[in-house]
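So that you can tell them apart, the chains are marked A, B, C and D in the order they are listed, and the count of residues begins at 1 in each.
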């Protein structure tokens, strides 16, 4: 393997990994405030791409993306109000099942609205044939957008959770819901906010990747599973580690292609999941203590 | 300050509070003593609105807050320092305290919050040193200080405490109760639930005795200390243990 | 106990009302269709379903089959073989259709091939795989061009361009695998070396890693044999990687939507396909032109989306059944089968069909044209 | 032995005969096709009901076990042994009647393994896989368990989809019929449809009897205590890990058996049978049937599969199951066929 090739695999891994990380961050935000794994997270990515595509037909790209993020955030909030809020007393099993049900319903509605055709948002800069040379490896400018915006989101989230009162209140809800109530924090509002935030971030991710990977009504479940693997790999409830885990999984998948048939790529990532689950459920980057003191 | 009439509440089919009526006057320390499972914690949780009562009413400074959500109760000036501290273990001491003032921020009172923070640090200097340490890593006594401090951050008029002495060494318990007295001297009102009846009656003005969901006895602290039934049921063994332990130190 | 009794009773009631449904009018001619309208192959099944609904209306408006109206019964299998089997049995026995259109995918078609053969029901499949008509089952036909023609045509074009070393990527769908097989089979005949042949997940959305691997082999061209979404991703990823070699695709690229999705990167893609996509460019002398233009215009004005060759396969299936039924001695399944088998010179969207006892596909290699993408539109190469 | 508990089963048998007679009278015997297929899917759901309802564990990979059964038998019985028959091992198998000679529709003569062998191998394989997956995975809880089982399902799906001998995306067709006893053959031929209907339901009843006995056995009591709370069960001295694995293996073997039968009945199997969507569908059926309610699961499994296989839901097939999942979880978290839920429905019907 030449060094250019290795670099090319690395870029490919980072691109895919950033997408996984964005989905995993969504999981973690909701998990942190509610303890729910929202298996409909992948559908938010799909919705973001689809809505932005439709809007971009009648307006320019930036407002289309912004509106798509807002609308999807509202959808996330609505889902929480309509479905999740009523499920207070439900078991984990019930929660898994209902989020699967919700994801099926969103997907079917998307099929009704956008039919089975694939859609692609236009490139943020350049077009399909633009290519940037970095040390002999070549990437699309969209990759820079994906990686750059992912990094920005992660930083913004860090600042939000660390230094704003609302962010701290959300962390408080995740840390100890009862105590948060006693501090006068409206926990239901925080839960709603977490759904909104997760949906919005998912949607932004959907817009970012749409020019490269395209958007299809059934793309969500695949991403939901990959995102979950990454969330577990990083240690559930830890968005920062999710980013590292996302990049790691992206790189593993990318390099696995160089020596294995690509069809078994998913088998590898799921085997990693199973091994991690059985041997170290706290994730690769979390010690057992920190996962018991789950934190941002 | 607070007046409760015929309060009934519980979990699912199990009724824990069977018609509680009590009142706490301004500037008082009132205690509720009783055995494990009598419903003392349930009572405080119901006042704090963590549990929705099935009937009865709660008047806070004359306002009906029976069905108000928990954040309303806090805004009305009533906080609960819960049993077992219930801190945010993965957040720093400072963050824990700031969150106690959460309700102030909505009303552009963030200056109050900073002032309160300084006061808390003055009251518990050790917390000042530990402000950026994770709350989960503190000792039991320090955690109790954070819990009380967090409760005080929202400028409450009524502070409810659920078993503040639980799991603490006797010396620390003494300190904590000293703080409670200080609070009363600063004009706050305190409703305190304790199993350590002897210790709490020494600082309390009045007390209630609770048995299986009912308040069976009411009186001034001295009356209760002198009451034979109370002595037999709640002070006897505890009293001996407490003095033994206290004497040992 | 009482509860169980009660539920069982209600269940029996529900079932018996289901059984009570009477039969429809005798007047109509029933034609069944099993299509993957939803699910993983919906990009095939959805246009197919829309096409035959539209066409059936047209046929009925024009007087149906010798004065009898046709009634379409479309079943959505979502590309699940077990459903295709269930529906096939239902259509054969219960609805007593004269013929079945579909299924959309090769896998499903193979699952019901023997069933239709055993129960002597004509099946006109919209799936591509060669196995469907080889060995020839007397009741099973298909309308899409054979994979082998596509492969051979690609190699012929490569020969003319002087390409000798290529890389092959294919989706792990039935379609992709069959295509990869044909390419590997015919490459030696045309003196072409396949440096690397890889399959990828059919839902893959980023293939840069795979293409990097291919690029390292110094190939002169890449062939991608896939369906949605990869056929638009491969060209984009190739451009990103700065690969300048020509990209050949299969006839699965036959929908202008994929060109739109690939944008600038689509320009220069070479692929064999039926002439539907370039209908307007054809000379008037072309026997297919009338059919192609009629279908294309009707579909696009009605559904407000571009016509694809996939919908065309269903168009051909239904028009072949109707045409044969008009000529058949009776509307019995056996006579219909005979009529289909003896259908020759019938212009469809996929080509001019000449069925015979040994050829249940009926299309020659001339049914395909080599197309390319110029300025975001299909053009003859 | 208390015979009373078998009355509902006798009743079920009666209803089944009634349905068959009804179709005979009305000339609608074709309904039996989907009733037969539905029966096999019911067997899968019954097994899953034990895992989910009685043992309180979630499995989002049940279709994987179904596929292990179906694909094992499909691969083994479609492999043409004509040129291997002279080898001593196969000659021996042939001698003891474990090879089947037949002529295909297209006039080729082939020799294949008896489905009995593949049936037994499939069950053993499913059991072994379930055991080796179950031991490590069932130690997990909640989301982790759900995702681990789903991961298992996806791995099976991916392997089936990516491996040549499993027919990749096309699946395996031309699977021969399965003659289980003289006069009783599992196969798709219309002439043996009534036999197939009764055979399939015989297996359902067999499964019911087995499971009802299991529930009322020592194991069953242990299971119920397990559902009540694992710590409590542990405290009572119940070896929870062992019982969980046991039930998991039973569920897997049931799914695999159903997979074998339906593959021979349909004459083929495709990758969609192992998809996550299929696993979710089984979960939906168990949920709507009432989790720990075998009768509810039986009835809803039959009902929903019957309608789905007849294409009644049209393009909304998946949506129907999604909506079922959401409604059941929101309003009847214990399942429809549970006293609390039935009361609730009654109240709604009364307009309260």
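Criterion: a residue touches a chain if its C-beta (ideal position, glycine included) is under 8 Å from a C-beta of that chain, and two chains touch if they have at least 3 such contacts.
Given the structure is predicted, the values throughout are model-derived calculations rather than measurements.
Peer 1: Hey, what chains does chain A share as contacts with chain B?
Peer 2: Output, common partners of chain A and chain B: nil, no chain qualifies.
Peer 1: If we define chain centres by averaging CA atoms, which chain lands farthest from chain D? Would you check?
Peer 2: Relative to chain D, the chain whose C-alpha centre sits farthest away is B.
Peer 1: Please list the single chain whose C-alpha centre lies closest to the global protein C-alpha centre.
Peer 2: A
Peer 1: Using CA atom averages as chain centres, what separation in Å is found between chain A and chain D?
Peer 2: Their C-alpha centroids are separated by 34 Å.
Peer 1: What is the distance, in whole Å, between the centres of chain B and chain C, each centre taken as the mean of its C-alpha atoms?
Peer 2: Averaging C-alpha atoms per chain gives centres 74 Å apart.
Peer 1: Centre to centre, by mean C-alpha position, how many angstrom separate chain C and chain D?
Peer 2: Distance between chain centres: 33 Å.
Peer 1: Out of chain A, which residues touch more than one other chain, so two or more?
Peer 2: 261, 263, 266
Peer 1: Considering chain D alone, which of its residues make contact with at least two other chains?
Peer 2: 161-162, 318
Peer 1: Can you give me every chain pair that touches, using the contact definition above?
Peer 2: Once each pair is checked, the touching ones are A-B, A-C, A-D, C-D.
Peer 1: Contact residues on chain A for chain D in the complex?
Peer 2: Residue positions touching the partner: 37, 83, 86-87, 89-94, 96-98, 100-105, 107-108, 221, 225, 228-229, 232, 236, 261, 263-264, 266-267, 270-271, 273-274, 277-278, 281.
Peer 1: Help me check something: in the complex, which residues belonging to chain D touch chain C?
Peer 2: Contacts found on chain D: 7-8, 11-12, 15, 18-19, 22-23, 26, 28, 30-31, 33-34, 37, 105-106, 161-162, 167-171, 173-174, 188-190, 262, 266-273, 295-296, 299, 302-303, 308-311, 314-315, 317-318, 337, 342.
Peer 1: If you look only at chain C, which of its residues touch chain D in the complex?
Peer 2: 1, 3-5, 7-8, 11-12, 14-16, 18-20, 37-39, 75-76, 78-83, 85-87, 89-90, 93-94, 105-108, 110-111, 113-115, 117-119, 129, 135, 137, 172-177, 199, 202
Peer 1: What residues on chain A touch chain B, complex-wise?
Peer 2: Spelled out, the residues of chain A in touch with chain B are 165, 168-169, 171-172, 175-176, 178-186, 293-295.
Peer 1: Quick check: in the complex, which residue numbers of chain B touch chain A?
Peer 2: Touching chain A: residues 48, 50, 69-71, 73-75, 79-80, 82, 86-91, 95, 98-100, 102-103, 105, 134, 136, 150-151, 154 of chain B.
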